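Per-chain numbering from 1; labels A, B, C, D, E and F assigned in written order.
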Amino acid sequence: MSLSPFVPTPKLDDYRERFKDHFKLERRADGVLLAQAHTLGGSIQLSVENHRALGQLFKTIGADPENELLILTGSGEHFMAALDPDGFALERENLQHWAYEYAYKDGRINVSALVNDLEIPTIGLLNGPGFHTEIVLMCDISLAAQGATIFDLHYDIGSVPADGIHNCFQELLGVKRAAYALLTGQAITAEQALEWGMVNEVVPRDELIARSYAIADHIMTQPRTVRRLTTQIVRRPWKQRIVNDLDGGFGIQMFGHVAKKKAVHGEGHIRSTVDYVREGRENNFD
Amino acid sequence: MSLSPFVPTPKLDDYRERFKDHFKLERRADGVLLAQAHTLGGSIQLSVENHRALGQLFKTIGADPENELLILTGSGEHFMAALDPDGFALERENLQHWAYEYAYKDGRINVSALVNDLEIPTIGLLNGPGFHTEIVLMCDISLAAQGATIFDLHYDIGSVPADGIHNCFQELLGVKRAAYALLTGQAITAEQALEWGMVNEVVPRDELIARSYAIADHIMTQPRTVRRLTTQIVRRPWKQRIVNDLDGGFGIQMFGHVAKKKAVHGEGHIRSTVDYVREGRENNFD
Amino acid sequence: MSLSPFVPTPKLDDYRERFKDHFKLERRADGVLLAQAHTLGGSIQLSVENHRALGQLFKTIGADPENELLILTGSGEHFMAALDPDGFALERENLQHWAYEYAYKDGRINVSALVNDLEIPTIGLLNGPGFHTEIVLMCDISLAAQGATIFDLHYDIGSVPADGIHNCFQELLGVKRAAYALLTGQAITAEQALEWGMVNEVVPRDELIARSYAIADHIMTQPRTVRRLTTQIVRRPWKQRIVNDLDGGFGIQMFGHVAKKKAVHGEGHIRSTVDYVREGRENNFD
Amino acid sequence: MSLSPFVPTPKLDDYRERFKDHFKLERRADGVLLAQAHTLGGSIQLSVENHRALGQLFKTIGADPENELLILTGSGEHFMAALDPDGFALERENLQHWAYEYAYKDGRINVSALVNDLEIPTIGLLNGPGFHTEIVLMCDISLAAQGATIFDLHYDIGSVPADGIHNCFQELLGVKRAAYALLTGQAITAEQALEWGMVNEVVPRDELIARSYAIADHIMTQPRTVRRLTTQIVRRPWKQRIVNDLDGGFGIQMFGHVAKKKAVHGEGHIRSTVDYVREGRENNFD
Amino acid sequence: MSLSPFVPTPKLDDYRERFKDHFKLERRADGVLLAQAHTLGGSIQLSVENHRALGQLFKTIGADPENELLILTGSGEHFMAALDPDGFALERENLQHWAYEYAYKDGRINVSALVNDLEIPTIGLLNGPGFHTEIVLMCDISLAAQGATIFDLHYDIGSVPADGIHNCFQELLGVKRAAYALLTGQAITAEQALEWGMVNEVVPRDELIARSYAIADHIMTQPRTVRRLTTQIVRRPWKQRIVNDLDGGFGIQMFGHVAKKKAVHGEGHIRSTVDYVREGRENNFD
Amino acid sequence: MSLSPFVPTPKLDDYRERFKDHFKLERRADGVLLAQAHTLGGSIQLSVENHRALGQLFKTIGADPENELLILTGSGEHFMAALDPDGFALERENLQHWAYEYAYKDGRINVSALVNDLEIPTIGLLNGPGFHTEIVLMCDISLAAQGATIFDLHYDIGSVPADGIHNCFQELLGVKRAAYALLTGQAITAEQALEWGMVNEVVPRDELIARSYAIADHIMTQPRTVRRLTTQIVRRPWKQRIVNDLDGGFGIQMFGHVAKKKAVHGEGHIRSTVDYVREGRENNFD
């Protein structure tokens, strides 16, 4: 016996409870874990709290050796289309403090944890229209619901788009389409996203989880080591991308944000900014 | 007051005049600058003089803090489909001298200045068929006129395609399509370019400038700092690409060029080489 | 006269004979070399012997200054759809020995030799369905026969896909589509491959060689130096890709392979694994 | 108030207890945390348990926003010069299982967590001779005790040196000195390490912690945001290095390890291998 | 004759006058240009005006084809050891405005122009103690005066060191020594800098310019093309470094700066911060 | 038995004879191969023939699986300090033809083959003063004879230094010292090279081979797979360096060379250029 014992790893029963306000967690006997992000059981309403919880969850899942594959999705009709009405009070109260503690630090951890803390394959499900779609698009495999749209609202709310969405769009769309999407707020339909290689499949929204289980079943046919080593191979471009461009890009975003001396995450502000998406238009100027 | 004064920056009234033989410059009150390259008021006829003027213009625009967004295009029906009849006399007279002073030096500056000297967003308009399209395709956003075609003629005139066009094609098309386009002189239609992600929109030629103003209007809705910092984010892949591959690639091109001991920019030579484009064919061998 | 003579370079008459069990070699007077890989005159049946012969051939062709362009293809209806029944006896006998000597060493040389040992342009012809398609897809220009399909079977036979196929798919498909193709064994049709930019043209199988000669004829219109220098330009992304990701990726694959303590290249195993391709299905789970 | 609460972050009182068999943790009121790795209170004796605990600790420290600077060191006269006698029983019992679960997975997490999970400045103290010195040498600032020596024993125990030590030596020594040190087991004295830029200062062993507090005091003179953002700047080369070379290199190491079909972490084996270090010699062959 | 004339290039007589408040410019008949930065004829006292003038000068020199080699230095006993008393009034008046217009924009241009706008070889002379030494250390060849010291004061005035000084230190010192120098304000003597490879020679201060002319004479023995092409070769690592790390790093610096909501360039503040340098100490805490 | 046989690999008895005019080859029973480059049995006198033979040898050694470690050195008192009097007749006769066929093609193959074609560890011995020292300095381990000096003469003969020597100097010396050495022709003594990390050991010339065998003996204590996989780890930075900078750099060199329209490899020209080395001076201008 070794002179010192193992430090225990997290147990699902514990962390399912700890994260229950933000995620519904279900794990099959074979280790396939489904994480459904939600706010009060419905679609995500972004707040500093659930923003931080995301990276915390990824790190916890990654530390539990009993997880074998992660399926990640939102809840309800939208992936993320609204803010928690008081979710950014901290930004309004102290922009400078918020900027490092809740935006720069937590935001980089979210992206880094998805890519660096999970040894296991990941399948992201875009269940509906949303921003911050990098979270499901940077999974190894991504499926979108029919009717989902991908768009980035940063520029239109006066923020430099560089908190990971730029990594995601530049990796998946290339420099030309990414620049246009980021500068114009282009709403990209699921079908267009499929054609452009942003997602792997488009399925009806109510079949999304079943389809992801079918793919998971296939992946689970191979042994643990093969699954996990293959994951390192297929995910490597994401690891390289975020090392090269996340810390600095996000610094540029925060510089611009703090220099404006005003909060941008007003709930109404966001809502009106993305009206065009709800109306099925490609941007807010055509 | 500081001990020493600012060194003055360029004024539009001055440089509009200085560049008038090569560019028609118009600036809106909000700083949106339209630069239309021309030769004698019509489509560009390439010469060592206007080749050099391009980088000089970019550096001058970049040095003037009153410019806020650049729209760059050619004039007339073609983007660049002909040579100034005497535009490469210097090449014929002294190939070796021309190779460094007018080709290698000026050519690298053109590409580098577009990417490195302009802090502001750029919109490139491909107004018609042409070579050296990297100049508008390496802008942040690119629009093409219906009927425009993109092709590279270097290989077919016996020159190694590596003066920036390779950066452009490899970045936008990937290695496989770029190799084919560069080796076969493939004429890529505006519609194909849109599908392949080389341009963001295709519009009728006479609506090109209006459309670019509409996009510019949208970009101008955000403050100066947001616009300029976002530019650094969306343009970063171009900066990386040219650092990695421009100096050396261009050196290889010039090596091949000088080793042949003959000028390739004969006006008739070019014209006959690109006949297939005029005839609407994809290359000169099918 | 120099004090010491040149060391002779290989002669086609010699190496055509030496490689005749694996490749049929024909060279035109202008140096265009057609290499048709075969097993007993028909489609390739993979073995450790012909696996090794590939890199040996590339290095020999590269060392002969009389070769000017390589057209590489398989034979018969399939590109590579079966194993030599006893072709992997060495793997079964001594997995660990095989792993370095025949898999890791030879496999890396195959990919590296294609990219690094040939100064001349290469055209790869995918003559039918197959695995190890990276060999023709990593040529400078690639054509596929109608009815050919591209798929990777590594994951489905319990092997980490990282012997060069990952370089190929990630370079040509991007991270998202590559992850899906590698994890699900997706059979990509020639038409889909064309749309996604994996191949440059799709032609009927019996026109494949003629078409490649037509392209070769065009490439041969330019002088030797221009052809060869242009090759360095258009191939550079492949050189960078394999330096970054081949040695390490392949090490991960072999780690997974040896850790399983069993051979995966059973002839029947492969056959049953790829039944879905023969049946025209996209994968083995739908 | 936001609709959902924060998920709690770790508390020192909890994790100090949880990690007490592997680390002695002390935190000053200003957040400067001293972590002294130990085995039974003395110098580290490596085992799979404390190997895993290292990454677990880094991730826990990184998740606690009350930590502001980490000082990391070993205990006693050696940094790490012995194995826990039964510390690698798992390797002997099932080499293949150990290779992924305890070596490849945990080992990569250790290095990645040091670099990616800690937003705060780190000071590593090499308290005596040791292997696995990358853990203190890859801190932002590194101090060595007089009499400490740095050496890598992987090659001499028949293992490919690529679990992070190669990243460390190649970054700090350059390719030439790193190759020699890794291939010959060169014992590098503290003074030599200082001259070569592997460490920043050499001090008597009993002054090591005091000196690190003096440097920490200086770093703590600046505000939290400045400290943490500066950390991202000075640490960036490590982030890039491990993304490029850790996953693949470690895969190569494990491939070689598993292919040998025997455990290398025999306690006596290690001891005899490093006798030369104890004897003050540079390697075991001079 | 071409259809359009050349746009004129700058003439020394004009720009010598234009920059005279910031630089004393002298050019030999062979094109070797000596630029001595000064404030009122003495050592540089940093202000937003001369900060901006630096990049303006580099771009002007680069645009004049009659320049063949640049020798760049300061004036008097210090390279840069003081601020213009009112030189940062703009920062105090409007931190946010200053941050982009005068710090982020001008500062990046300074570094980029040195590396990207000058085709000609550069020799930097560190004439005495100073901060912002990257300007002479990032020249192709660098000489230091005996008694000169190199140090960075950013961290000690509460600013993240990332305006180019981090590029310079990380390139020349490596990650370990750079982290220490940036975090502790380490004053590096000329002799230490020589040993560490930051400068190429150390000579008495009054022999600095003569020595640089001797080296320039040697460089000028070769033809213009050889000199300028060699410059591209030897400077390439700097080009790569700044593309990778300048825009983002500087964004992080500005984020930290603006988040503090206070100016840091107080003249007295700087003076007291660097007292230790004047006193010949290595840092302000020993 | 497989359906097709192995293609035979080279046999030492054959290639020892084939290369005997350029290299003396001796192999121990354990596979340690000593290759001594020579001209007529004495120090190398560079010619297009032996320049080409180097890469041919590397590729042949790499193709023979019985080689286990390469020791590479020159002969006599100099490593390479003279030209074969008629060794560059081909350059004089047809500069353009020579430039691609013998300089660009063969020169790149030499460097690439050393790094990419040899799976085995390499030890380079610098037996005396010389140029083209990259060949021994880019081996995994390098030893220098007392009295050897390293210098590059390209710039002083009017050639851009970029045929691999720039890769070597920039990797081993960093950007600052490399620029100086390349621009000034600096003769670096063996002792200086040791201090700067260009070589691993300096020993008397007549002990060089014995010392290399002692190191080889140590390396040979580990199994074939460990040796060869470790080689991939320690050599990786060289592979990356040459992919990034060799093809393009060499193209720039050749561009400059051909643009001058004159041969530079005159035997007397070289001799007079390097007189300063023979005289023990650091360069030709002090």
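By our rule, contacts are C-beta pairs under 8 Å (C-beta built on N, C-alpha and C of every residue); 3 or more make two chains touch, one makes a residue touch a chain.
Predicted, not measured: the structure shown is a model, and the values here were computed from it.
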Any chance you could name the chains that touch chain D and chain E both? A, F
Rounded to the nearest 5 degrees, what is the angle of the rotation relating the C-alpha atoms of chain C to those of chain D? 180
Express in whole angstrom the distance between the two chain centres, defined as the mean CA positions of chain B and chain E. 32
When centres are defined as mean Cα positions, the distance from chain E to chain F in whole Å is 37
On chain C, where are the residues touching two or more other chains? 100, 225, 229, 232, 236, 244-245, 247, 249, 251-253, 255, 259-260
Inter-chain touch pairs (all): A-B, A-C, A-D, A-E, B-C, B-E, B-F, C-D, C-F, D-E, D-F, E-F
Can you check the complex and tell me which residues of chain F touch chain D? 121, 137, 140-142, 171-172, 197-200, 214-215, 217-219, 221-223, 225-226, 229-230, 232-238
Sort out for me which residues of chain A touch chain D in the complex. 1-9, 18-19, 21-22, 39-40, 45, 47-50, 52-53, 56-57, 59, 63, 65, 84-87, 89, 100-101, 105, 112, 116, 119, 224-225, 228-229, 232, 236, 239-240, 243-244, 247, 251
Using the touch definition from the top, list the residues of chain A that touch chain B in their complex. 155-156, 158-162, 166, 170, 173-180, 182-184, 196, 245, 249, 252-253, 255-256, 259-260, 283-286
In the complex, the residues of chain F that touch chain B are 96, 99-100, 104, 244-245, 247-249, 251-255, 258-261
